[in-house]
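Look at the two complexes coming up: chain A is in both, with chain B in one and chain C in the other.
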Partner chain A sequence: MPANLQSTFDVAQFEALLASRNEPEWLTSRRREAWQAFETAEQPDWRRTNLKGFNLADYSVAEAEVSVEFAGAEGVTILPLAEAIQSHAELVQRVLGSAVQTSRDPYSALNNALVNGGIFIHVAKDVAVEELVRIRYHVANAGTIVAPRTLIVTERHSSINVIEEISSADFAASAVVLTGVEIEVGDGGQVNFSSVQTLNNNVYVLGSQQIRINRDAQAEWLNVVVGSAVQHVTLEANLSGNGSSVNWNGLLYGNGTQNLLVAPKLNHIGLNTEGQINFKTVVDDEAYAVFDGMVKIPATGQGTNSDLRENALHLSKTSRSDSIPGLEIDANEVKAGHGSTSGQIDEEQLFYLQSRGLPFAEAKRTIVLGFVGEIIDMIPDEAVRERVETIVAEKV
Partner chain B sequence: MSANNLVIRNLHVAVDGKEILKGINLTIEEGKIHAIMGPNGSGKSTLAYTLAGHPRYEVTEGEVWYKGQDVLDLEPNDRSKLGLFLAFQYPVAVAGVTVANFLRAALNAHRAQEGVDPKSTAIPMAEYRKVIKSRMDMLEMAPDFARRYLNEGFSGGEKKRLEILQMAMLQPSISIMDETDSGLDIDALKIVAEGVNKVKAEKPELGVLVITHYQRLLNYIKPDYVHVLMNGQIVREGGPEMALELEEKGYDFIREEVFGNAS
Partner chain C sequence: MSNPAQNEIEFDYSKYGFRDEENYTFKSSKGLNADIVRTISEMKGEPEWMLQRRLKALEIFHKKPLPVSGVWANPRLAELDFQDIHYYVRPGERAENSWDDVPENIKNTFEKLGIPEAERKFLAGVGAQYESEVVYHSLREEWEKLGVIFLDTDTGLKEYPELFKEYFGTIIPSADNKFAALNTAVWSGGSFVYVPKGVKVDIPLQAYFRINAENMGQFERTLIIVDEGAEVHYIEGCTAPVYSTNSLHSAVVEIIIKKGGKCRYTTIQNWANNIFNLVTKRAVAYEDASMEWVDGNIGSKLTMKYPAVYMMGRGAKGEVLSVAYAGEGQHQDAGAKMVHGAPDTTSRITNKSVSKNGGRTTYRGLAKVQRGAHNAKINVVCDALILDDRSASDTIPYIEIEEDSATVAHEATVGKIGEEQLFYLMSRGLDEAEALSMIVLGFMEPFTRELPMEYAVELNRLIQMEMEGSVG
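Our next item is the complex of A and B:
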């Protein structure tokens, strides 16, 4: 086990945990494999994620509080993951672990060993659901490590809208959230998924999200990150099916000493796929935000149309952001654009607003809220949007 | 002399260490329309930005008085509250900030009073909607204009009309129009000029400083006085007939009279 992963939970405790869960053999053996991988893994070389002072021994395993709001609709199954493991074993087996890959790093391995408390959503074919499914994972106590997982599988020609918020109580000590989102969009269908992270500024977040988009299917994906002390989350959109598309937006807003990283990866695997990435970053005080993006167009991805945009705003001299927009193209008939900007608030904008009567601080605030508002306005649930707006308003 | 005149005395202004304005003396009278004409590079926009308080323009000498206050001591927002308005030559785009929200914030900033809860001075929403609607109707603007982001993707004409809308909403007592005619075709120019005249008709005490290179705007906004700015100084002053003379003869004849044949 890597040095800073020294943990209070040893094999015996892990085995006790397994015994208490009474799960099917396939899952138990997966958990054991993941645990072994965790124990033998090297500390990952994460130069942009500050895990100094982070020690797993400080935390004990718990479950996040889960709430789901949805009136229900024919053809839509929403279950606690623990139940779906029994009732939808085949689907869960297929999708569980697609984003959170045991081999990736010790935290992913631990995530798969501990995954507990989560939601499974299945939409039958030809079912279109307008109503928003609202999932909220809430970390109630400091000193805990939780590993909630969201699984969504839609059959062909069906559609659903889901928002997932990860929040916490306002405790002063820290906690750990191992997150995972694993989504499969059936042929010709659509999934709109919003992930909103509003944890308090002492929590560590480590995890992965993946959406696999099949033939002629679409995804709208939103990632909003305003909370946590440290976040390291990899994101992956796989345009696996021919004619599939994703419209992907995101926001990172860090202040204080927050260290927020997303690593979005867009894979144009099928023919004639379309992908748009538009992320915004704001950093203030001593915060450090990282957008580690990658667009891959393998030889199979002929006819790809891809665009990646990332704009960062620095509100203090001591804040930092890194933007790494990567592009790898192995197909010859593609359209691929990317661009990133990074800078301070435009002096001309400030002067323009001031010249209309807005005091300096309000002018600055107006510009920042406008910059982030374009993304925040996309949050489909009013209550969540208001929570994010409140957090952002306190930051500016 | 009325305190409601804007008085500029011996104003020297430098940009990046280079002196652009070299001792401007000018009084903008309450209720009058003044035109400042001059060739490119004469310092017209420098004067406009300096009066509005742009941080890049460094006043090295001189003073500007309005309503008993030394304008140069005030922040740009306080100049706005005092009643100064600058219609920008190049209005600035601000993404994510709608025209309606911005104008409400600007109005509320004007209504705010020191030591008073801003909520108690803020314009009630219903009243605000009525005001902005009536202003937009007056300027013949489509309602969806208010929902657009500030100058984002606006045409040249739309930008200038938004400047006039802002002026109509904020009701300044001195309005500086910096090359409002630049980049406008004749139809757009007429609409913008009409807007200015309507605002002026509603508020006759409004003093206006029209800054322009060409005479054509002055066909629609009739000046009481014309001042010619050249090489950072006001070199000629006269009535409206001077604009026509300049149009006919160009700036060269003045340049020759003032600076000799050298140029």
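Our next item is the complex of A and C:
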């Protein structure tokens, strides 16, 4: 176990926790495996995530406050994960752990050992739901480690829109969120999923999200990250089915000393799949943001059409952004490209706005909000969008 | 076949009577240890500091893990057996390899490229090239008048010990990577170049002209110093396949360009496909200096090479222009590194790669702007063609920006040859192979047009042969 993960929470306490949960045997044994992996894992070589000062002994296990807003519709089942484990055992067993993989690193292992709280959504076949499902995980107290998980499984030809926000109270000490999102989109269906992270600037976020998109299915995926002290989140879109597609947008906005990393991986596994990635990054003050992307087209991915765009905007001399838009291509009947830019505010735009009478600060603000607005406007829930806009407005 | 390079040198050298047999021979036993390093140093009659440097580098080499996973790493390196390699072979020994042992496909390629008989043996590592010495000696007189030094590196160390010691290993320290450490421990041959202040060398310095058997060594070490306001163009390699019974080539090239100086380094290498080609190349460009790497990679089993420019003075410029061609069983893992350490620096990377018959190309690049390097500009363009369903291509750029005033653009495309282009050419009467090779040559044209004419012609011919599947 890496030194900074030496926990006061030992195996005896872990066993006591398991005993208190009264879960089916398969889950108990998975948790044990994950705990063992956590205990024996080595510190991963994360060169772009600063975990200095992060010490697991400072936190105790708790559950995030969960709220769900949804009027309900025929064919849509929404349950606390703890209930779904009993009522939808087979589905949960299949999807749980698809994004958060025990073998990946000690934080993922710990995530699977502790996963507590969370929401399970199932949509029956041929059910199309317009209404937005709003999930919110809220971290109320400092000094806690929470591990909420969102699972979504849709059957064929069904569709649903979901937004998940992870937020926290405005405490001064830190907390840890081990996140996980695991989604399977059935044949010919569609899932629109927005993930918005608005934690206070003292929280650590470590986690993984994955969407598996089956035959002729589609996903609209949005990742907005404006909060936390340090974030390290792997995102994976698997275009597993022939003819599947994903349209994927994101925003990272860091200021102060925030260190925000997303690692989007787009895998074109099926035939004739289409993927579009469009991420924007803003860094100010001493912030450090990382876009560690990868588009993979294995030999099975003939007919792929893939495009990745990433644009970074620097607002201070001391900020840093890294961008790694990778491509790994083993098929020849493909069209794949990526573009990445990094720069500061366009002097000409600034000059133009100032010449129209806007003071410098206001002109700069207008330009930055214009840059991030394209992504923020995609947030489907008004209340969440307003929270993000408030945070961004404070940052600028 | 018309070939300007050939015309220059196609006359009967035998009448100059240079055929003295090199009969001093030494071949180190296989494997690597301190004794072998001592022997190499002793046989070369090196000063003590160089021996110590070699021994220290050997320790570093043993300590560093083989980069098979992670960043700037390749799993194929696991196939290397460091104990099954001769680390030092004296020139005469090379001639012991027999022409009969040279693989048929290499011989055929020589035939098709129109490489003269005498050169074939040299290129196949079975004989030294004497004729080039004539050219070299006459040019050397010209350079000496200007104060230009152009020697093999061993001689450079002997004749200019102080200049050598001042710069050797300062750009690429032994601890830089495992293969730089290996090279420092067992280096032999390579070029030592010094161009004095304000001197502009018109004729490219060609390693080819300076070549002796030793230059074909596996562990070449090249050191180029371009003084203030000086200019030079250095060319290494040629398009003919270089065959060697040794499976590892690991060179180090260090370049220093002082204020206002210019250097262009052109490489075209076509290693036989049994060879691991693991090269560290780096230049430091000071105020208003400019460095251009023109780098062509064809052949080898695995090439790992990322020419770098560290722009450490205001207004410095860096450029890498490269092509890679990966055929059957080959992996070209090549790219570029641009590090902006000073204000108003600009760099450009243009990479073109083609994979065919199960080959794999990887572009791996670094674009870094350090804090304080105001107004840095970086432009990166990578294009890859994948010609069949067995071949592959990766693009892995690292972009690290610590300055708000930097302007960075990276653009990459990967795809196949357009059906329409192909159809158009075939409708004009070309067969498919001809049409394909014409499109590929056009794709590589931004690179070839920067080459001296004779190299461009040879490279085009070689690519045509590769495309027609007629090599080997």
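The working rule: the second predicted complex is superposed on the first by the 396 of 396 C-alpha atoms of A that agree within 3 Å, B and C clash if a C-alpha of one lies under 4 Å from a C-alpha of the other, contacts with A are read in each partner's own complex, and residues count from 1 in each chain.
Here is the rule we go by: a residue touches a chain if its C-beta (ideal position, glycine included) is under 8 Å from a C-beta of that chain, and two chains touch if they have at least 3 such contacts.
Here the structure is a predicted model, which is why all the values come from computation and not from measurement.
By the touch criterion defined above, A:45 reaches chain C but does not reach chain B. Once the two complexes are laid over each other on the shared chain, residue contacts for A:316 go to chain C alone; chain B is not touched. In the superposition on chain A, A:347 makes contact with chain B only, while chain C stays out of contact range. With both structures placed on the common chain, the touch criterion links A:369 to chain B but leaves chain C unconnected. Of the two partner chains placed around the shared chain by superposition, neither chain B nor chain C is touched by A:21. Comparing chain B with chain C, the partner in contact with more residues of chain A is C. In the superposition on chain A, A:358 makes contact with chain B only, while chain C stays out of contact range.
In the superposition on chain A, no chain A position is in contact with chain B in one complex as well as with chain C in the other.
Touching chain A in their complex are the following residues of chain B: 52-56, 75-77, 79-81, 86, 88, 91-92, 94-97, 102, 105-107, 109-110, 149-150, 166, 170.
Listed in rising order, the residues of chain A touching chain C in the complex are 45, 47, 299, 302, 312, 314-344.
By the touch rule above, chain A contacts chain B in their complex via residues 346-349, 351-360, 362-363, 366-367, 369-374.
Contact residues of chain C toward chain A in the complex are 70-71, 371, 384, 386-389, 391-416.
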